[in-house]
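Multiple structures are listed underneath, in structure tokens.
Consider the two complexes below, in which subunit A is the common component and subunit B and subunit C are the respective partners.
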Partner chain A sequence: MTTALTQGLERIPDQIGYLVVSEEGVLASAGELENDEHTAGVIMQMVRTACRFRLHGTAEPPFKRMSVMLEDYVYAVTISGQKVFVVKRQNNQREPVNV
Partner chain B sequence: MEGSLEQHLDDTMKNPAIVGVLCTDAQGHNLGCRGSLSDEHGGIVSVLAKQAASLTKDPTDSPTVCLESDSGNILVRTHGTITLAVHKMAS
Partner chain C sequence: MGCCFSSDSETSEQNEEVKPLIPDPNLDRKPTNGSERNADSLPSNRTDEQALLTTILQRTALNIIDVSAVDSQGMEQHEYMDRARQYSTKLEVLSRTLSQKKPVPLPSLTSQPHQVLAADLVPYADLQQVSKIAAYAYSAISQIKVDAKEELVVQFAIP
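After this line comes the complex of A and B, so read on.
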């Protein structure tokens, strides 16, 4: 079952780690997120918080993807089939150069 | 005292892609808002920013949280004691 969940995640470009989390706990983890319970816990908190966001009283979930962008890397988070998928990707963006 | 903030919020909304903006303090109290973002979103925005900050040990690395959907992106970031949220339509 783990392979089915994770084989797509393995192929994401620039990915340096991933987590698959359900309400019961971490189902899979790899790379820099392997056994990272702290990150899993924080991301789940953020997902619960973000799901409370409602614009104009709409019923649908407020996001398809949540990204948390830090200086060197970005966490891309999405929900599918009652599971939260988190991928840590290298962030290669540079500040725009003013000429 | 709020004149400058109010002006900045108005200026921000002049960007055609931006449909909402919200500023809160560290407790989630609304300092100013426009458009699609309002008082009711203040608490969630500030909590989201705080939770994101605990993902990094570097206190100078302020994360930007982006909620992406068909109705645009909501970008959240904290600068000092102020948390800013911008609702931007995808171009």
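After this line comes the complex of A and C, so read on.
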């Protein structure tokens, strides 16, 4: 079961860690997020808050993925089948340079 | 002729209507009694306006609870502990029923989590635009201020 969840996450380009979290707790973790229950808790709170946003009174949350963008990394978060998937990816984007 | 108006009778009627169930310690205070006595002594000289003003004052005095004047009775230690225990038991019962409410289940945002997470990151240009918009909003909000045009406190002019 865990391999099915994590196999896809392992293959994500430039990922440096991931978490799979459910209401009960962390189901899987790897890389820089290995055993990082603190980050898991914070991200759970953030995504639960974000899910309460609604656009123009629609019934569904208006987004598929939540990105927490930091200086050099991004935490990409989504929810599927009552589980929260978090992937920490390198953020190599910089100001485009005009040559 | 006859008595067209008597503030005396009006006062006693009002007292019956608004008589508190529990004796209010503040009613024994001097100012209230003083104003009542004044009303009793000048019925014939008062204009309608004056009488109305007195009525308002008396009604307010009856309804006002002067917090600074309340004499705190000081409970015994055991009474205090008993009450604290009663309150915490009540709270426990209530919090038990509250926690039984089911928390909102997580909505499903996608059926393809790996695909969604592997997709391109938010473009730098978009990030810059959002940061700019947020900065504008912040600056606008920080400039909200009160534009005082008139005096807030004025004196009523009684001719």
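As a convention for this text, the second predicted complex is superposed on the first by the 97 of 99 C-alpha atoms of A that agree within 3 Å, B and C clash if a C-alpha of one lies under 4 Å from a C-alpha of the other, contacts with A are read in each partner's own complex, and residues count from 1 in each chain.
By definition in this document, contacts are C-beta pairs under 8 Å (C-beta built on N, C-alpha and C of every residue); 3 or more make two chains touch, one makes a residue touch a chain.
Since this is a predicted model, take the numbers as computed values, not measurements.
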Inset, instruction - Identify the partner contact of A:L55: answer first if only subunit B is touched, second if only subunit C is, both if each is, neither if none is. - result: first
Inset, instruction - Based on the superposed arrangement, let me know which partner A:N35 touches: subunit B (first), subunit C (second), both, or neither? - result: neither
Inset, instruction - State whether A:Y75 touches subunit B only (first), subunit C only (second), both chains, or neither. - result: first
Inset, instruction - Give the label of whichever partner, subunit B or subunit C, reaches more residues of subunit A. - result: C
Inset, instruction - Go through the superposed model and pick first if A:Q45 touches only subunit B, second if only subunit C, both, or neither. - result: first
Inset, instruction - Using the superposition on chain A described above, determine whether A:R65 touches subunit B (first), subunit C (second), both, or neither. - result: both
Inset, instruction - Share the list of subunit A residues that count as touching for subunit B in one structure and for subunit C in the other. - result: 61, 63-65, 67, 69
Legend entry - List of subunit B residues in touch with subunit A within their complex: 36, 40-41, 44, 47-48, 51-52, 54-56, 58, 61, 63-71, 74, 87
Inset, instruction - Spell out the part of subunit C that touches subunit A in their complex, as residue ranges. - result: 103-114, 116-119, 121-125, 127
Legend entry - Parts of subunit A lying in touch with subunit B, wherever the complex brings them together: 39, 42-43, 45-46, 49-50, 52-56, 58, 61-71, 75
Legend entry - Of subunit A, residues touching subunit C in the complex: 8-9, 11-13, 23, 48, 51, 60-61, 63-65, 67, 69, 74, 76, 78-85, 87, 89, 91, 93-96
